[in-house]
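Order as written gives the chain letters A, B, C and D; numbering starts at 1 within each chain.
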């Protein structure tokens, strides 16, 4: 076991896959010298050359569109969009082309690309650099959607995303780049897509979350434990496919479900999970998500948007009251 | 310019036959649309056949072609089988996509036809990426992207021009300039001197030719494609042509000046190629025979398509994705 | 009362607003001669001139982006995108700019534009011309989302959208263009945004829908009536804001909620409604939506995707069983 | 070229003061960032001041300006108040957006500054639409859009060039060519001879000038803006310049060749303008006094900003939309 950050673990996973398969490459802005926004590509251009870590013009449509063509043509490109906000400049390429090519062409095409687009609040980067649109992509047939919450998962899930034969929207959380955690360097296996992780076992309520909110849910569970309330925390890891069985099993046991996400609550993926559980189990369900406002810049305003542990704990208490 | 094609009547005849095949296919597609046997949008390539045939004559099966909404001609020229294509238009088993795609999503990967596209200019960025893959995989194949004179005003196409040149990719952009986009005269929405000047401003050699002149298309394509395969970097061909029909089958093109259409008919490529063949030893009977043969071939596909089985509704749920594939039934649907 | 089609009613509403306010104009491809995909702009360029019904280049980013600038500068543009699928070429302009300008600039900007992007299946236009992404835009703070189901509403809601001082995503359903209905020509009033319509009163179950699925729900309700099952059908009309009070009141009365939409079920707006009702009322909820597949071309495949009245009725029976 | 500005030392001095104000603002913004008082990305305009000042000198308050991520200089030059801007960077009440926007979303509609923009080139399409609105509303105002040499490779900018010319809109595109985009040398990702040739291919007159020469910027702007206001249609100015600092405050620019930076310092606009003023009758003392005055003005704003109240968290939920506005509390949140 080694301690490394979420960004370092992602770099390790990418490097392992690039060593393993010469068809794996990445394209995006400032990947070479800068090594990516958080160093997740650091040194890889020196090691693999400018044809496999490609510095591109500021041309989001083409970063994504070229990845589609390169994937169809037999390589495994990683389209680095830097921010999911900028990926909104290339939605047609991802949704109309990447997601549909295999189907529209009756199975003739495979599009094994990774559309890498970090989400979330990092602090003071405001409305156009902090969005969490993961729910959009769960709604698009043909796409897999991944939201890693830990360094180990950011290595293992990235490896799985790269090996996946279909397009994967890979959404790291910008707030986690510097967070360190245990990674087993010897274990080169990918983390399977679609399998949730029980981050903390519990019996009174099931709290489902992903990405940066998992730590918030765990913090809430810890404080609730002090009050004798036992919360089970599930890290979904993959939003599509999401681990329905694991969630239903847990919620069936605890009898209560709370979904927590940083994304705007209205139209968020929490609705899918809560509705599904309510339909199947008829147990109390609840959702916590962001207010329907753009992400503000100033500290107190940004803080007002965030879902903190105390609010999660309070919501759980309400459900148990 | 002319090419050595003029010294090869047999090759001209073969290309002429391909043009006839496209023309017959498009006429049949239009009729089938009006007969209610083909749904959706059917964008016919009638009057532009010499471009696709002249370009693709100079491609290999392992070269790629990316198309737009008007993709039937490109597909046949690249080697897709008109029978499977007709089945696709009819939405039947045996179609190029077994009925999942239809006219706007015809593709035949076995001959490097990567697909028609329902979104204007999205094929352009796909093309440069495919060319980048060829380089990574050490292949000497090239990619040809067809774009219309209306499509050139979309940002992704312009980005792709820059991108292709920055990485010196083996891409040939072919702008089929029929002077119109749906009902809009493109001159009115296109600033400057046109696509050739624009492409040159990105450093791409640009060649404007008479797209209805099979010899000029073939000659230019032979030279340019050869140069690209030898590492010249991307180039662009602007092929001047004319859309003889409406934007799609159900467009009567009432906005067209009949005199203009009349004049265009005098320049249409099949008649011109036919005239050359007559002057170069092909008899009227031989031509009539070839036409009859092609017409009956296509008619046969239409009949077969009409009789072909519809896909099982269960196939609607396949070919989506491996992980997270749809499961029928309430729960996930 | 006059009989007119959904497309004719939209044209009437637009014309009335253009006569009423010289700042109202529209831009998009082929609006002049063609008069729009379904004649919804027919003759308006002749009447108002090429500067108010503007034929544009094929430049989706700029159609939307120019509308943002023109709205900020004091006019009321209607950005005609032809298909919501093509609007995916201009998501940054709509989501990063139009939706956020007012907020990011602390209230200095108003963006009264209508992003007009028809949704849905029309028959045989396949994966890139048939999508229903309305759920995406409900998830975007700053946007209003409208989905008219009848000719009268397509006149009245369009008028309300044009008068709205914030960006409105206006999603007509392509399958309804030719559907005729009663329109009161004398009533020039807009239909208020955010107010649902009880399309049919009932007491056993509440069926919520919008756009083309409303007719399907009504057809199901009719057949259920024959079996003595009384279904209340609500036409939501506006997805954001959606008429929560009306839905909760109805579902509270009937004790059961079924949401039906043509859009893909996973990540669809039905999740928001079902989750909200389950959280508030703890009653049985269910959702019917499209399978998570691209829209196929061939008749039997396209039919297999659709949610028909018999499936709606069957689901209601299950809920009552 | 030179302008009559050379005959107006007083106007030069006033513009010089504005440049000093921008420089001082940016230095203070950077220091405040490192002091932990300003969050997020602070893109400094240091070394490029003469462009914004020279262009905006020739604009009216009812002309519009659209900017990009590097918008502080553009804002001050257009007339936004540096005090309100500093408050915005600090996220305080009294900021241009009362803390909702921050550095990348500075705007002051009262002087036609329509906002910095966090998305490269999205401001370009907004600009042509604003110009279209001017025409509809019968105003003789114009729109100036600032774009970087990296931003020119985005499709929306290229679409906007075509669009502006098609409708002959009163738009001036100003490409600030500092030869770099973040850490990328733009020459390496920009094909062809550059933006001037590209703009010309769309029919826009393009003028490449020394952006660090206040006189050349002012002279060109005076002429070009006059032409545009008189109906010339859109034009483009490429202002050559140099980014003296990192991409943003927290970028040490280690990828830069020190010799290159050294050389650039010799061409930086404030020193050049200052030299001219010295030669034209302004004394060292007068300049020192002006610098001191500007520095203390900005220092005062920093002190005020630090002491200014934070916005009430309730304001996070305002200014979103009228219909469907957020309501605090569980139910809709």
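Everything below uses one rule, namely that a contact is a pair of C-beta atoms (placed from the backbone, for glycine too) under 8 Å apart; a residue touches a chain by one contact, two chains touch by 3 or more.
Please read all numbers here as calculations on a predicted model, not as lab measurements.
Colleague: When you check each chain against subunit C and subunit D, which touch both of them?
Modeller: Common contact partners of subunit C and subunit D, which must touch each of the two, are A, B.
Colleague: Go ahead and note the Å separation of the Cα centroids belonging to subunit B and subunit C.
Modeller: Taking the mean C-alpha position of each chain, the two centres sit 35 Å apart.
Colleague: Counting in whole Å, what is the centre-to-centre distance of subunit A and subunit B, each centre being its mean C-alpha position?
Modeller: For subunit A versus subunit B, the centre distance works out to 40 Å.
Colleague: At what distance in angstrom does the C-alpha mean of subunit C lie from that of subunit A?
Modeller: Inter-chain centre distance comes to 30 Å.
Colleague: Where the centres are mean C-alpha positions, what is the separation of subunit B from subunit D, in Å?
Modeller: Whole-Å distance between the two chain centres: 46.
Colleague: Give the residues of subunit B touching no fewer than two other chains, as numbers and ranges.
Modeller: Each of 95, 97, 99-101, 105, 117-119, 153-156, 159, 162, 166, 188-190, 320, 324, 326, 332 in subunit B touches at least two other chains.
Colleague: Touching two or more other chains, which residues of subunit A qualify?
Modeller: If we look for residues of subunit A contacting two or more partner chains, we find 56-57, 59, 61, 85-86, 89, 92, 96, 103-104, 126-128, 141-142, 240, 266, 291-294, 296.
Colleague: Mapping chain-to-chain touches, which pattern fits: line, ring, star, complete or other?
Modeller: Shape of the chain contacts: complete, all pairs touching.
Colleague: Could you list, by residue number, the parts of subunit C that touch subunit D in their complex?
Modeller: Its residues touching subunit D are 22-23, 25, 27, 51-52, 54, 56-57, 59, 61-62, 64-75, 77, 92-93, 96-97, 101-109, 141-144, 164-166, 193-194, 240-241, 244, 280.
Colleague: Using the touch rule from the top, collect the residues of subunit C that touch subunit A in their complex.
Modeller: The touching residues are 85-86, 88-89, 91-92, 95-96, 99-100, 103-104, 126-128, 133, 135-136, 138-142, 240, 263-264, 266-272, 274-276, 278-279, 282, 284-287, 291-294, 296.
Colleague: Any idea which subunit D residues touch subunit B in the complex?
Modeller: My answer: residues 153-159, 161-162, 164-166, 188-193, 197-198, 200-204.
Colleague: Which residues of subunit D touch subunit C in their complex?
Modeller: It is residues 64, 66, 95-101, 105, 107-109, 114-115, 117-119, 122, 124-137, 143, 155-156, 159-160, 162-163, 166-167, 318-324, 326, 331-332 of subunit D that touch subunit C.
Colleague: Could you please specify the touching residues of subunit A with respect to subunit D in the complex?
Modeller: Residues in contact with subunit D: 29-30, 32-34, 55-61, 85-86, 89, 123-129, 265-266, 288-294, 296-305, 315.
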